[in-house]
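In the two complexes that follow, chain A is the common piece, with chain B as its partner first and chain C second.
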Partner chain A sequence: MASVKVPEQKVILCGEYGVGKTSLFRRFATNTFVTSTDRKSTLGLDHYEKVYMTDEHQGVKLQLWDTGGMERVASITSSYYKFAEAAILVFSLDSPDSFNILSQHLLDIVTYAENAKIFLCGNKYDLKNQIHVTDADMETFCEQCHNLISGTYKTSCKTGQGVEEMFIDISKQLGEANRSRKELDSLNKNSFKITPPEGEPEDSCIC
Partner chain B sequence: HSYFAFIFQSLSFIYLQVSEEVNYITNMVRKDVLRTDRHHPFFSGTDDNSNVKSLFNILTTYSLNHPSVGYCQGMSDLASPLLVTMKDEAQAYVCFCSLMSRVNSNFHIDGDAMTLKFQHLTEALLYYDAEFFSYLQHHQADDLLFCYRWLLLELKREFAFDDAQFMLEVLWSSIPPNPPEKSLDLVEVPFNPVKVAPSVPSTPRQNHYANVCALRRQRSCVSNKSAESLAAILHRRAASVDFPNSISQHVLNRTFSQSNNHDFKLRNSMSEGECATSPISPVHGIKEESSSPEDSPSRSVRKIKDLKEFKKLTSKKDGAKGNDNSLESTPQKENNSVGLSRQNGTKDMFSESRRCYSDSDADIGVPVIDGGDVDVWQNPISTVSPEDESQIRNCCSGRETIFYKCLSSDKM
Partner chain C sequence: MDEEYDCIVLGTGLKECIISGMLSVSGKKVLHMDRNKYYGGESASITPLEDLFTKFGLPPPDESYGRTRDWNVDLIPKFLMANGQLVKLLIHTGVTRYLEFKSVEGSYVYKGTKIAKVPADEKEALTSDLMGMFEKRRFKNFLMFAQDYKDEDPSSWKGMPGFDPKNTTMSAVFAHFNLDKNTIDFTGHALALHRDDTYLSKPAGDSLKRIKLYSDSLARYGKSPYLYPLYGLGELPQGFARLSAIYGGTYMLDKPIDEIVFEGGKVIGVKSGEEIAKCKQVYCDPSYVQDKVKKIIIPQKQVNRNSDIYVSLVSYTHQVAAKGWFIAIVSTTVETDKPEAEIKAGLDLLGPIKQKFVTLSDIYKPDTDGTENNLFISESYDATSHFETTCLDVLSIYRRGTGDDFDFSKVTHNLGEEEV
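Moving on, here comes the complex of A and B:
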């Protein structure tokens, strides 16, 4: 079977305990949501791949990574971040604490995965009357981060609102970045071509 | 008057600090007890189930009175079967303290005990089933991270609750007894809500700088490797073109000074100690972080006189740490095509990017090799079949079994 090679993009989820990283992951993987009694804290690592078509011919394979509870094993932390093309900073819109701690996670990302594009995702958008993190707060955060944030989203894993849209947008941005990098690469390759200076080599080789 | 105001101020400061510590722990514990074994009738129902509260009390009490351990995810899973069995908060706490006296190192901040367990598991696997290990290597899963939960929770989550209780009883009773000499310590350092505890439990966050510094050291080695490989490639290229040295030198010059003609400078290398203590405030430090010299060896623009010098530079392994730290760099992030090409060089070396296996989460335990086809949420051993049962029995009775060895290797 003919298969088109689709570039694989590692996307990691970062954020505090209980903001819904695994719920996002589950929406991504199986488009399901489980009630609170069925949930368990994440211990370990999980990842799932899915192809998003950014246009008719070009697809991007998002490989979403979810982790939890392993902050205490340093070697794991670094391998989780390593080679990530994108990182989603997840916080809970009803919890200012989970929002305020993001700068720590951001610091982790820029140190461990310096090339990752960073996205901000406010989860639990369905809790309409308990939302304590405003759009202005999110904007301020992005400004403070010197525009390191490539996109902000508000999602609800419970209703599914905004989740698919977020992943589509992320895959588009990664697809574009990928394309421009390829162009740069080909430019680069051409720039390495060396044409021997005429006549000179033979002369200088004679000793 | 002002004296009292001062006292009041400092008291409120202390109060604030203590309550911060309590808040930090209770927040984590609360989130976990609300999602620990809620399927079981004992913990089911609404969130104000008194048994859930008991579990919360046990874990909070333990964490506040054992500052060297604190709270770490996974502890609720170990406490829950004890509470279900003892049906009494105080007795379950005693049992939990006893269990933790054996396994508390697994939850330590340094991660040494877990790292050692992984090492033992690797060695055991290499000895008992080298073929399987090479299969794992082939899929870049030889880090065995998918076993993290198995090792941390002594397989508790890999079985349905009732089976897990049975399995844990067999497992724990087969470990050689190691009773305390006098009485069991229920408290490491008594928690004092009035005074600031002398050793505030170090959280992963507080240990951040150490991690960052360790990582930098690690990375400067990696970047050296990539520089080395690049040197090798360029050398080969120069050799295959078979031009006089002047040209390969020209290539090198172009490679390292293409977009900018910054001279290659070596500052007196900054000691690592300085680097470790340099204050970086979280949000403010980001800019500095992303463009700081030691952070971006790949983006630095260098001009190297000849191949010899370049080789000399890149062949220094540990010694080059200082160099990497002190290279002049430009704060461009993406425009620097040279930087990009080098980064890609690094990527190529590792392009078979690491794979870890689905282990985490909730209801599952199926290794997912390539995503896609395997149902991630299927739990292979939620109910135990006869064959599985015999396997479990083997697992529990055979002293030579891999897991048994790893589980009982708590002593470093």
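Moving on, here comes the complex of A and C:
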């Protein structure tokens, strides 16, 4: 992989439980799929970075975030959304409920991550004869949200179909868009992440 | 929630969220509930602005405040010491990845009738006109002593012959270095961050370590020893809640907590409505157990305040206010029955004030340490300007609850970058 230094772009997954967010995350991170909802296998892992080359010289580092399952019972913390460059609204093509509730998730995104580009992803495309959300439904949704949606995709985490294509397309769009975030950038210029001080052993106990 | 858990945590204030995160990371099955529909309890940052006005019983804010969701207003005035315990906890748990920080521009202490700028670096300390030439040299010697000081290491005490960590008081140390009253005031209040003068007659170790923490923190990011998270302090509990969730912790907000259920003097569960969640231990803040905590009474004074007044100022550059606005918190430990009058000196330092919100918080301490009944109660947030005591309380609760110190090696937070 090219070793160009690229800033990471935070991309968050949003949507109801069970639609396949963690499965998308797993495809992205390890290109694997598990049928059981064995939560253990994802414990401790909630974001993963990967560089996509948009052309020979330019790369975009996507940093994909999974919700960690918090949405099951409580609202996700608002910090999940902060600094997100993109949000993927995920629903399950076999579940109209998971689709109809997206407007609520959309509202959260525009509230807490107002600069994020928003993408729509219908998952479980492999469930061919149980698909209850049509292309027309998806189009109507995009129109209703005043074309806030920058791209729509149909994926199957089970077969892998469409997943890589989606992430490639999202990285292209994020790379191209020279976001007009200058004001925010200048605002954040001297903010930083805290890191361990040089020379301090990682495991030094603070107690 | 009709399930069985190892631990139930009540309240999503910072302390409870850190504890919840540590317990989940250690493999405990954790249920974390809050009666509010937002995370953070006392340590939340209230947003949007309407919610703050509602909380204080005021009519909604007018248009001049800009977009109300650009506001995140803290309820407690605190910063992080750049080299302090909380920063270490954030780093060792990996929670730092959820947050971004800014260095605080500077801080000021008001004592008696003077405002003292807390120096931004050693040079500023030594050039400030607070001290004459000779005093500066003495002060420098003192700083070197404080910088080297270690409780357990007699060779680090050699700057002061006869020093005894158990008995030598801070005023004896000041006397040894021959510091004058002004320098002492400044050192005790602006560097050691004591809020009154009781420290002078106590063993010097605590104060010396505070001074060292201050200068080590200064050395980390320059300008000031304080850090502040973008979007407000409320981001801190949320970060630890997230840690807890990705390690399997279950979250329920907006849940009325009706009763902590005991059997044979030990906790067996928590009741909410008709449901009972069973558990072996309960961890909570004082507001969930009003009958099991005692209020700390501060003796009232008529003349000469004991406690300092702290003024902190954050703004839209910290993403906590709309553009052009500042949020100031003026705080002190209440000593009279006219608390608002007590902070007048602090208020007078500010520019025009558009809206004032006055709040008094009682300080509670638990009656018991939890080892008997398996109910572990945190102490209220104290009046210090940073989170050092917060972390000490958390680590102590964790130790009492699990019988062990927290093992940071259990956090596999680098998985995402390296191992997969």
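The rule we apply is simple: the second predicted complex is superposed on the first by the 157 of 207 C-alpha atoms of A that agree within 3 Å, B and C clash if a C-alpha of one lies under 4 Å from a C-alpha of the other, contacts with A are read in each partner's own complex, and residues count from 1 in each chain.
In this text, a residue touches a chain if its C-beta (ideal position, glycine included) is under 8 Å from a C-beta of that chain, and two chains touch if they have at least 3 such contacts.
Note that the structure is predicted; figures quoted are calculated from it, not measured.
Peer 1: Based on the superposed arrangement, let me know which partner A:L106 touches: chain B (first), chain C (second), both, or neither?
Peer 2: first
Peer 1: If you stack the two complexes on chain A, which partner ends up touching A:T22: first (chain B), second (chain C), both, or neither?
Peer 2: In the superposition, A:T22 touches chain B alone.
Peer 1: Once chain A of both complexes is superposed, is A:E56 in touch with chain B (first), chain C (second), both, or neither?
Peer 2: The answer is neither, since A:E56 touches no partner chain.
Peer 1: State whether chain B or chain C is in contact with more residues of chain A in the superposed arrangement.
Peer 2: When the residues of chain A touched by each partner are counted, B comes out ahead.
Peer 1: Identify the partner contact of A:N115: answer first if only chain B is touched, second if only chain C is, both if each is, neither if none is.
Peer 2: Only chain B is touched by A:N115; chain C is not.
Peer 1: Check whether A:T30 is in contact with chain B, with chain C, with both or with neither, and answer first, second, both or neither.
Peer 2: Once the two structures are laid over each other on A, A:T30 reaches both partners.
Peer 1: With the touch criterion stated at the top, can you tell me which chain A residues are shared between the chain B interface and the chain C interface?
Peer 2: Residues 29-30, 39-40, 42-49, 68-70, 72-75, 77-79, 82-83, 111, 187-188, 191-192, 194, 196, 205 of chain A touch both chain B and chain C.
Peer 1: What does chain B use to touch chain A in their complex?
Peer 2: Residue list for chain B touching chain A: 27-28, 31-32, 34-36, 38-39, 44, 47, 72-74, 76-77, 107-111, 114-115, 143, 145-146, 148-149, 152-153, 157, 204-205, 208, 211-212, 214-216, 218, 241, 243-244, 246-247, 250-251, 254, 258, 280, 282-283, 285-287, 289-290, 295-296, 337, 340-341, 343-344, 347, 350, 353-364, 368, 370-372, 376-377.
Peer 1: Quick one: which bits of chain A touch chain B in the complex? Just the residue numbers, please.
Peer 2: For this pair, the touching residues of chain A are 8, 10, 17-18, 22, 25-26, 29-30, 32, 34, 36-50, 63, 65-79, 82-83, 97, 101, 103-104, 106-108, 110-112, 114-115, 144-146, 148, 181, 184-185, 187-188, 191-192, 194, 196, 201, 204-205.
Peer 1: Under the touch definition given earlier, write down the residues of chain C that touch chain A in their complex.
Peer 2: On the chain C side, the touching residues are 37, 39, 47, 69, 82-83, 85, 87-92, 96-103, 220-221, 227, 230-231, 235, 238-239, 241-242, 245-248, 250-253, 316-317, 319, 391, 395, 399, 405-406, 408-409, 411-413, 415-417, 420.
Peer 1: Within the complex, which stretch of chain A touches chain C?
Peer 2: 29-30, 39-40, 42-49, 68-70, 72-75, 77-80, 82-83, 111, 187-188, 190-197, 203, 205-207
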